[in-house]
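Common to both upcoming complexes is subunit A, partnered first by subunit B, then by subunit C.
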Partner chain A sequence: MSEKIKTVRGYHRNVTIVLGVILAIFLLIPTFVKNPYTLNVFILIFYMSTLSMAWNLLGGMTGQNSLGHAAYMGLGAYAASMLITKAHMNPWLSAVLGVIIVGLVAGVIFYPCFILKGPYFTLVSIAFGEALRQFIINSSFFGRASGIGLPFGRDSWLNFRFGSKEPYYYVGLAMVLLVYLIMKKIERSRMGYALRTIREDEDAAAAIGINPMKYKIMAVVVSAMVAGLVGFFYASYIRYIDPEMMVQAKSTESVLPAVVGGAAFVEGPLVGGLIMIPLSEFLRAKFSSILPGINMLMYAIVLLVVIRFRPAGILGWYDHSKFKTFIDTKILRKPPIEVIEEVEMMKQQGKEA
Partner chain B sequence: MKKLIAFLGVLAMLLTMVSGISFAEGDTIKIGTIYAMSGGNAAIGENILRGINFAVDEINAKGGVNGKMLEIVQGDHAGDPQTGKSEAERLINQEHVDVIMGCHMSVVTDVVAQVCTINQVPMITAISTLDMLSNADHEAYEYFFRLCPLNSVYVRDMLQYLKDASEQTGEEIKKIAIFTDRAAIGQELIRCVELFKDEFGFDLVATVDYSSNATDLSAQVLALKQADPDAILCDSYIGDATLFVQTLTAQNYIPKMIVAKANGFTDPAFITNLGAAANGVASVVEFNPDLINGKEINEEFKAKYGVNMNGHSAESYTVVWLFKTALEAAGTTDGTAVRDAIAALEIDGEFPGGRKIILPYDKIKFENYDLAGEPHYRDNTSASVAIAQVQDGEWKTVWPFSFTDTQILYPAPLK
Partner chain C sequence: MEKTPIIEVQHITKRFKGLTAVKDVSFSIREGAITGMIGPNGAGKSTTFNMICGYYPPTEGKIFFRGKDITNKKAYDYTNMKIARTFQIMKPLKNLSVLENVVASCYFGHAAAKNQREARERAMDILQFTGLFEKRHVLSKDMGTPDQKRLEMARALATKPELLFLDENMAGLNPAETEAAIELIREINKSGVTIFLIEHIMQAVVSLCEEVIVLHHGEKIAEGTPEQVMNDPLVMEVYLGTKGGAAHA
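== the complex of A and B ==
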């Protein structure tokens, strides 16, 4: 018996080591990579992947395909920017308030909308995004179509404003990690099981005592809040926002990393973001000056190929691949699943006793 | 297939990393350009690039700058500020460009100007007209200069034209109305008219707006008809501009003067779509082939590219010459030295070793000044626009009177 416990512990240790090494690599990148452009690509990866994780909570885990995430992101960016420029609030504080505002708005607006299912929810999310954009374009308080610029000035942590990339890199990395841990926690919690049950069959979920309405609202609110947080990061990084950031095409961009990486997995958006964003940047840098637009065509082809041949995404393929078996058995030394379950069971019993 | 996907992913990652390694500075002077080369505004980017290439070929044929040839490194912002920022960083850090030109949308210009200032790379925008780009919030953008007139200056010149037109038409303009898009372009027009109308003594009798890509404008035209202004100021995209003139003629309402703030009205499709109905519509132009100083260059340009030089090509052409003059004055490509040279630049009438200024003004100097009570920084204070009018299916410059011989067609016939 103790042999089994040992192997399971060994496995967990190996997983921790591998994750630690990956994290260490990301932490060390700025000390080796000094080129601001390359760091810029990493920062893009961080915030687009985070946005995609937000989408994935609704689209992947709950099965509610939203096409309005650019609007939540925009709302977060606007809320934070308005608080900074008009109320002269500290950016960090305005980020917290901005995220809460986005959560409230999403909860209130979507409460009545969740009577709708499937494609109707998607349509409402599109309409919501466009309505919000039009509202800002027509409101002089929000600067209409001209947008808002954040004050330009000396580097400062207090004002979250830097000329160099490193601070944005680390804050972006921290944001990805934080959101990833939250999503992982949700996935393993009661809420995660409820959301997946709703995704598979909403009526069945209701029949076994899960309140679909309650959980869907929770998912929308959390998802919107994360998107709002990304909006704050975006505004602080780009330092200029306008209603164009809420257009439909931007919402689609938030879906792509998740779909390419594997929407069924919490890690999907991270893997998808790591592949698709450098790819898009690379194609533009190398080809757009040769034949304008060709980069988008090539990007689209890659996307079509992935969707056609790996509809479950890259992680969906990896999950059943020999590569995974190899990594699990040879590198992580993962014991058979029965052994892990047995040890888990023993731990449970130990606690109860 | 598995291998292919994995390969593509790995390849993309590797190449991004590899392209991060910097290479040594070459023996050319690099001008980075950041315009929308793909997406909905690609046609505009193309016109701009023609103007730039024309100037670069001209300068290189005469021996280049400081003994080095000019080289263009193209970026593509695809109409998106985030992409604009990436591209600016790529051009500066990977391609090591010495100066930057851009962009076509003012929001993107703002973001790129920040990157340029942080990296101490001089930047001149040829065509970003939003006032805000040079206001008090942008005082610290020390490496950013603007050649083109501001939106306020466009509108001030439109009003000046209405005032001056009475010299030829014999009728004084008193009542004006605005017809425009609810989007950013329209908001700017309304704001600027409000800013200057009292100074000119005009009475704004109606402000009529609509949502972009309208399918019906009859209610708007009716509102204008009821307000009965002496002149209508407008700004629209091409579809709406066409529909507007069609609706005017359909309702048999012929305003005496229509003055547009370019955009859709100066799109080549405007005259093609409307034919004779476009006759009499006037618009702001930054350049027109019949301008006194523009005729010669336009012939050469047309021979080369098969199209007329337009405002965007002419302004971009001028910016390349400004860079050349500043680089020669600085004698180096050091960012700070070039920036100081641009700030000290004064072009009077013609470029040293080049042509006369082809735009409708005869001086270029970047200065800090006050406009309508607000401080502005590093704008070309002499910049102004011309007004052209469609006459016999062609744009003819009618104002400023010193740059043309053509008379104003009054009242606008719209047939």
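== the complex of A and C ==
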């Protein structure tokens, strides 16, 4: 018996070590990498992966494919920027308010839209994004097409502005981690089970007592709020926003890391983002000067290959691969799942006794 | 004195545009019993079933649960009233494991689990009960029909119902599997759950049900014990198609 407990403990320890090492690498990168361009790529990975996690809550977990996430991100960026520039609010406070505004707007707009299912929901999400962009382009209050610039000044944590990229790197990393933990928590909660049941079959969901409408709204609100948070980060980092950030192509970009990484997994957007964004940046840096547009062509080819041969994404393939078996048994020394269950049961009985 | 029936259906009619699928059907389900509904294809069994389960409301008529009008209740309110159902065409959560399928159900209904530990413990118990325990880590889409039918029942049971609706839970099973399913349904009934089922397989209906309702062309043509129904001349004529012939289906 104690042998089993030992192996399970060992496995948990190994997982912690591996995760700790990965985290340590990311924490140490700015100490060794001083090149601003490389740091910029990492920051891009952080916020695009976060945006993709937001999409994944709705697209991957709930099965509602949205193509309007750039609009939520833009809405968050605009809400926060307006509060900073017009109301002279502290950026951190404006981030909180901005995120709440995005959640409210998304909830109110999508409440009637969820009567629509499947592709029709997707169409509405596209229309929503475009309508919002057009509204901002035509509103002088929001600075029309010329956008809004955030004030520059001395480096300050209070005002969240820095000349160097390092602080943004760490804030971006913290944002990814925070959102990842939230998503992981949601996945294991009642809401996560409700969302996945709705994804698989709405009638089956209703039959066990899930109100599909209620949970879809919850998903869209949380998803939009996270996208809004990314918008705030983007605005603070770039320090200039314009309606171009809400174009359709940007929404599509938010889908790619999740789909390439594996939309069925909370980790999918992280894996996809870590692969696709450096690839896209590398292709742009290396090839776009040779022949304009060739980088996009190559990017498209990579995407087509992944979708053609690994439709469940990289993690979808990994989950059933020999590679995973190898890592689990040889490196993490994972005991059989029955043993883990047995030990968990014993722990609970110990607690109850 | 007669107890109030757990379900009382009063004169329900369902019209789909011009087609009347169910016409003026009334019956009641006795608490604690197993009641069955039979009828040839297109008799309106599934339509009746779906109306009672809140999948869609009847065009006319009323449905009562323990004397309370539930005619216009939504499907997702039913587990809160301690009623659960299964689907004729199985709707397993395909990309989730058998365990996760049942855990999902444990989180909802009148006795929803408060946390993951409680949900998992209850799911394990139900998997033991329904004989799916050994397959708990299999993806539900990778299982065969008999196990998927069992999973349908397990998911319904996980909401702790007092009344269980089974929609052709034995269709597509071979005789041995049918026997096992009958056994399971008996066990569920013994644990205090009232059961209402639709079935094609006559063997199941005869051996399980205490009361049988027969539908034909959307109308109720007979009800009573299996023996009474089987010997009803009208039932023999329209359902079995032979005069006094052996009961087979």
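Just a few scattered comments:
Note that in this section the second predicted complex is superposed on the first by the 347 of 353 C-alpha atoms of A that agree within 3 Å, B and C clash if a C-alpha of one lies under 4 Å from a C-alpha of the other, contacts with A are read in each partner's own complex, and residues count from 1 in each chain.
Basically, contacts are C-beta pairs under 8 Å (C-beta built on N, C-alpha and C of every residue); 3 or more make two chains touch, one makes a residue touch a chain.
These numbers come from a predicted model, not from an experiment.
Partners subunit B and subunit C fit side by side in the overlay (superposition on subunit A).
Applying the stated contact rule after C-alpha superposition, one finds that A:197 touches subunit C and leaves subunit B untouched.
Judged by the number of subunit A residues each one touches, B leads among subunit B and subunit C.
In the superposition on chain A, A:264 contacts subunit C only, with no contact to subunit B.
Touch criterion met: A:295 reaches subunit B, while subunit C stays clear of it.
Using the contact criterion defined above for the overlaid structures, shared-chain residue A:107 touches neither subunit B nor subunit C, since it reaches no partner.
Of the two partner chains, subunit B is the only one that A:147 touches; subunit C does not reach it.
In the superposed model, A:208 lies in contact with subunit C only, and not with subunit B. Following the chain A superposition, subunit B and subunit C show a smallest Cα-Cα distance of 23 angstrom. The interface of subunit A with subunit B does not overlap its interface with subunit C at any residue.
Across the interface of their complex, subunit C is touched by residues 188-190, 193-194, 196-197, 200-201, 203-212, 264, 337, 348 of subunit A.
By the touch criterion stated above, subunit C contacts subunit A in their complex at residues 53, 55, 74-80, 84-87, 91-96, 100, 103-105, 107-109, 112, 116-117, 121, 137, 155-156, 158-159.
On the subunit A side of its complex with subunit B, the touching residues are 33, 35-38, 40-41, 44, 137-138, 144-147, 149, 151-153, 163, 234, 238-240, 242, 244-245, 274-275, 278-279, 281-282, 284-286, 288-289, 292-293, 295-296, 302, 305-306, 309-310, 314, 317, 321. On the subunit B side of its complex with subunit A, the touching residues are 1-2, 4-5, 8-9, 12-13, 15-17, 19-22, 37-39, 42, 45, 73-76, 78-83, 85-87, 89-90, 92-94, 107, 110-111, 114, 118-119, 130, 132, 137-138, 140-141, 182-184, 187-188.
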